[in-house]
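Below: one structure, written as structure tokens.
Chains: A, B, C, D, E and F, in written order; residue numbering restarts at 1 for each.
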Amino acid sequence: MNDYQFLNVELKDSVVRIQLNNPEKANALNGQMWKEIQQVFQWMDEEKKVRVGILSGAGKHFCSGIDVTLLFEMSQGLGEEPGRRSEALRKKILEFQEAFTWIEKCRKPVIAAIHGACIGGALDLITACDMRYATEEAKFSIREIDMGMVADVGTLQRLPYLTNEGALRELAYTGRNFLGSEAAHLGIVNRCFPDEKSLHEEVEQIAKIIAEKSPLAIRGLKQVMLYNRDHSVTEGLNYVATWNSSALLAKDLADSAMAFMQKTKVEYDD
Amino acid sequence: MNDYQFLNVELKDSVVRIQLNNPEKANALNGQMWKEIQQVFQWMDEEKKVRVGILSGAGKHFCSGIDVTLLFEMSQGLGEEPGRRSEALRKKILEFQEAFTWIEKCRKPVIAAIHGACIGGALDLITACDMRYATEEAKFSIREIDMGMVADVGTLQRLPYLTNEGALRELAYTGRNFLGSEAAHLGIVNRCFPDEKSLHEEVEQIAKIIAEKSPLAIRGLKQVMLYNRDHSVTEGLNYVATWNSSALLAKDLADSAMAFMQKTKVEYDD
Amino acid sequence: MNDYQFLNVELKDSVVRIQLNNPEKANALNGQMWKEIQQVFQWMDEEKKVRVGILSGAGKHFCSGIDVTLLFEMSQGLGEEPGRRSEALRKKILEFQEAFTWIEKCRKPVIAAIHGACIGGALDLITACDMRYATEEAKFSIREIDMGMVADVGTLQRLPYLTNEGALRELAYTGRNFLGSEAAHLGIVNRCFPDEKSLHEEVEQIAKIIAEKSPLAIRGLKQVMLYNRDHSVTEGLNYVATWNSSALLAKDLADSAMAFMQKTKVEYDD
Amino acid sequence: MNDYQFLNVELKDSVVRIQLNNPEKANALNGQMWKEIQQVFQWMDEEKKVRVGILSGAGKHFCSGIDVTLLFEMSQGLGEEPGRRSEALRKKILEFQEAFTWIEKCRKPVIAAIHGACIGGALDLITACDMRYATEEAKFSIREIDMGMVADVGTLQRLPYLTNEGALRELAYTGRNFLGSEAAHLGIVNRCFPDEKSLHEEVEQIAKIIAEKSPLAIRGLKQVMLYNRDHSVTEGLNYVATWNSSALLAKDLADSAMAFMQKTKVEYDD
Amino acid sequence: MNDYQFLNVELKDSVVRIQLNNPEKANALNGQMWKEIQQVFQWMDEEKKVRVGILSGAGKHFCSGIDVTLLFEMSQGLGEEPGRRSEALRKKILEFQEAFTWIEKCRKPVIAAIHGACIGGALDLITACDMRYATEEAKFSIREIDMGMVADVGTLQRLPYLTNEGALRELAYTGRNFLGSEAAHLGIVNRCFPDEKSLHEEVEQIAKIIAEKSPLAIRGLKQVMLYNRDHSVTEGLNYVATWNSSALLAKDLADSAMAFMQKTKVEYDD
Amino acid sequence: MNDYQFLNVELKDSVVRIQLNNPEKANALNGQMWKEIQQVFQWMDEEKKVRVGILSGAGKHFCSGIDVTLLFEMSQGLGEEPGRRSEALRKKILEFQEAFTWIEKCRKPVIAAIHGACIGGALDLITACDMRYATEEAKFSIREIDMGMVADVGTLQRLPYLTNEGALRELAYTGRNFLGSEAAHLGIVNRCFPDEKSLHEEVEQIAKIIAEKSPLAIRGLKQVMLYNRDHSVTEGLNYVATWNSSALLAKDLADSAMAFMQKTKVEYDD
């Protein structure tokens, strides 16, 4: 769990703190970091002791987006023949997407705590998290348009579930900056805070609350809400009924009901 | 229409007022009440004189969610063999869902007027309504997580059409309380009011306005908007064109056009 | 490009300004104007020199909705036999929808600038645009319910991507007026401005910014975001990867990267 | 179970035989029979002793389709105003569909045994069954086109899962007769037999085999296959995994495995 | 209707015969022919006198697929810059697809009568028709693989509704020839005939039968079956109920019912 | 490529032959073999020299389905608490499914050559292949029902694309055996052969033909056909247009066109 070159990972009291850690480069996403992001969320999914995760950035910024040197490396490894070049490029993009999608596949909630810059690929990253909190002065931008390209690692797919289409299009077409306060107003982050300290205190507090709930129910919640996002209401209702036909037989429900009546607190198994 | 044990039902001037009525138990949803909810909305769908409905709670609270004794009864009726137990449980959940879904199947708009507590199953109930209005101090919570379970009667499926995914996940994971004012800010209720009196005055006023419109068009609107919710824009456009190919031949359109030009008011048939 | 009877069309600096122009009738949508709207956006899609469009209304109002005389003409051309009458009506509605859908099919962004009345069919029109900006006093209404009919040219299908279901239903059932300020609060317009002058200055400014971006990337963005609107996240990710497998081989990316490092500005080809 | 006017219903050895019984009218579907069809399959779903059903017709024909007098009755009950008339008609069609869809909702397999005429509405009826067997001389026809109408109770929706689009369109456009032998060739029936006797022997034999399997697994199979029919492979795989996460904990699996190794036979619970 | 350079078009007795007519080139699809195909089916959709169409090829072959010179022309018109070249290519393919899709958009059935070669693009063409009939010796091939490309004008999308996935993949991967007899066995054509004469007699006969049915019902059938192809059973049932809520009010139903009882024949209006 | 315990893997002339190799146990699927199946198809996807694969079984049978000892192992590793037990079971099933789905994810065609028994899990395995060929005497069965369970590794999801629903349900409910000849008749295998020798000769011949085509186009074909299987015709057409907007720029098309005109043969790059 500690063998990451560009991540700090610390697990305490069922909460894992994952920190992008290449502060000299404003935590720009290089090839290695991208791989480690996939690895850490695969690990988080498997590791029973983890119940919730917090994602943040070391240093002055959350993350400045994709490292330009990665773009150059990538461009050179694609070969010459145009058909195979396109095929290789498509495969590469799918790999990048897959890494971030592991935040969703990880059955435990991930909370992003954002300060400083959160640009381009960093937005793709945080939209894959369950919740987002920021400082008022955090600076966001769907910057890809200024590289002459369409963002392709998740921002455009996941932002519609956070804000309205009109706002999304303005931000995507213009690539303009917007601050934590506007992000909160638009629904892109849950709330914003005056400084990093209050941001982290609040995020730690939310993580702690979630960590005390039934881990089985929390894992179920995440998977059921993910299913709902991509299905009709009718489909979603059928799915959760099928899901709960086994999940409701868990000990957690009986223990919770008992605790509810006795006004005690349950210590759930992982 | 008056044979309900746990509901008050009153029809006047094309508006039906449906009141959850078990105030000593904070209108907790017991098995009988659940059945009556399905019955009353089936009746409302059929009864020509009804054009719009208002749903509220008698006493100090709108509704405190599922009655725990119902959970115990249910748990005991499921049998011993695990496979058949799961099958019976799934069927039960589908029945509970079906009751609330009748609010959507009812072709006439249903408006929820919420004060006091609106917890757990009560949220499932109001998300199936067309619009929601609350007092500022009304207290909401997706409380199921504290019973160690995933909510399964509609809240998780229908809230995404009212608020953003980030807010939904925070509320579902933490189960925290939120007031009418926050609910209005998040889009979960349309508006909130300082007290019960102003809440009910406004809701009555909205119901009255809707009751004066063409009932045929109002029923069409509800069904078309429901279809849109679960389909793409292209699908929705095709559907409404097919719908209106017969609906536009109704007398209501001609009468309305005439009234528009003569600046008179139409009395539409039910 | 200038042969329109009810539109003013002016192209300058890659931005086309399209103005509904029948101010004596508050720019009501007659049959000819409807045809011209389809034509102008088909032209805008094809014309390489155009990168972005602004849609507004001449005179005191943006647009007062469908011209009642059009309804009468239409009604008379449908024949007598009820089956064929319905068939002809359905075809007509599909044609009206198609005209507005060309705003989406046009691969370049269209920005609506709204002042005065924006009623009924005019709402259908602006919801098909990419972004919407209004004066604070602009007056909106989903007025169709007062004609005894279900709106069928796009408002009900596209508004759910701008605001929440609860608000949509209130506005659709009651047909009540709402101002630019409320529209901005609900997400129906991006922002509102104290007067027409500041509205148009801001809209021109946004159009200018978009016109300076890579037109290829902007066209890609619009098509990819449209695809996302109607598909799941997984589908959307796969699609943009396939899209970018060719689009990323464009000169625009290399030029932008170079300019980024040299801190210069790119002049992109159309 | 025996209170049906137009159905013979007999339950023996876990198999229920349901016979359309109005032979003087070639079992034409009148209003009462339609209601009874819905009732009998609702009962069959609930009644634990039933594991599989056989549907056939008394007398010389399986069923000659909708009774024309039903069409006349229906037409008269719709009212005069065109808009409300269409609305009532739509509701009526949905009710007719719902009755046949109960064959699918019934969690136990239904086998159709067809001889003589199987025309119009009768085809709608048998396509909702799980399997179909016929005599070689049974006579089928999608006859609705000869009434100047589009079939609307299921044939057009369900036949594509039995035969290819080209054959379906020929049969639907021309309304021509086709015999049991061609129906078998096209996949519309599973197999055909030289006479009624051999037909019924084989169908009884298949029903007996199914009745000896685990009823829990058979019910699961039907529901899972129905889900698959309307979903992608990926969706179907996810669903069955969720389904089996509880179903595989049933006693039936352990008992079967034991019997498999001991080469004995299991007597499953209902 | 006669101004086509590469099509023979003849309308008699409500049936239009459309013949690909460039026999020296085996009716290879050049740019002009492609345009005319779109035009003729748009015309066929509009022209009230047409009730059904027959598509065949003049000379020794039905059609040998895309004309290679068209590929060269196309390739040269795409420009140099890779990004814009891809964009132009995509647009071109969509245009080619659109032309053939007009066979589906045309609300009247189209029957393909195939003899001689039916290769590559010709298969794309016939799969968009409602039914297909061929001579036993007609020669088919999904030839695109031998051009080093994936077929992109409809064959791969529409064949799955005619034959099974295993057969489709064998034919697509190997590009091997298959005769009319195998095509009939696989469901790709409805039936095959020993010679051209018997083929055309049968196809004329089927067209005649269809032309005598209610044109309104035939047009409805085509649109409803097309809808079913792309939707679930539940969706399809809801759609046809909505469709028939107006279509069943047509005179055709009453006339047909009357004729049925009086054993006379109806002459339907176009 | 040779480090498999239960697989023989041989690559020659661009064709890889993969043989299930545990003949003493009739190639029953144990835990290790399941892992190796996933590995070999992941490797096949990556390895440039492979263009097509053949899957067969060593010894007297193709494969007798899941090894019962695997079921026992699995059952024991799931823990005691019912909720977590279900969760672990669901995860396990998803893993089993994922292994077979890699046959689809592998971008190169896989051909199954089947002799002897092909039972239960073996059917799940071959339905994930592109094509299937068998001996006349090969013996198939959807045997899961006799274990008191619903098949959950792909048979029920993928068979509907090979045969009709009626046949599928009969086979799934009864679990009866069916031979290669019936499988061919039903579309479940492409063709059957009198003996193993002729089976393998034909399969090798088909593999050889595919291996000589453009590998880029073959990989594209597989992915596009997979996409079509799960999408509507309209979606499929849009997708292949986007796909070919880059794929058609490949050298393979130009080389093929040149070879076509010069009547030579192309040696395509991997």
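The rule is short, and it goes like this: a contact is a pair of C-beta atoms (placed from the backbone, for glycine too) under 8 Å apart; a residue touches a chain by one contact, two chains touch by 3 or more.
These numbers were taken from a predicted model, which means no experiment stands behind them.
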Shared touch partners for chain B + chain E come out as C, D
Rounded to the nearest Å, the gap separating the Cα centres of chain C and chain E is 35
In whole angstrom, the CA-centroid distance of chain B from chain C equals 33
Note: chain D sits from chain C at a C-alpha centroid distance in Å of 48
Within chain C, the set of residues that touch 2 or more other chains is 82, 86-87, 163, 216, 229, 242-243, 245-247, 249-250, 252
Chain pairs satisfying touch are A-B, A-C, A-D, A-F, B-C, B-D, B-E, C-E, C-F, D-E, D-F, E-F
Listed in rising order, chain F residues that touch chain D in their complex are 68, 71, 82, 85-87, 89-90, 93-94, 97, 101, 144-152, 154, 156-158, 160, 163-170, 172-176, 229-230
Given the complex, residues on chain D that touch chain A span 239, 242-243, 245-246, 249
In the complex, the residues of chain B that touch chain D are 81-84, 86-87, 216, 219, 246-247, 249-252, 269
Chain E contacts chain D in the complex at 109, 130-132, 161-163, 187-190, 206, 209-210, 213-214, 216-218, 220-222, 224-225, 228-229, 232-234, 236-238, 240-250, 252-253, 255-257, 260-261, 266, 268
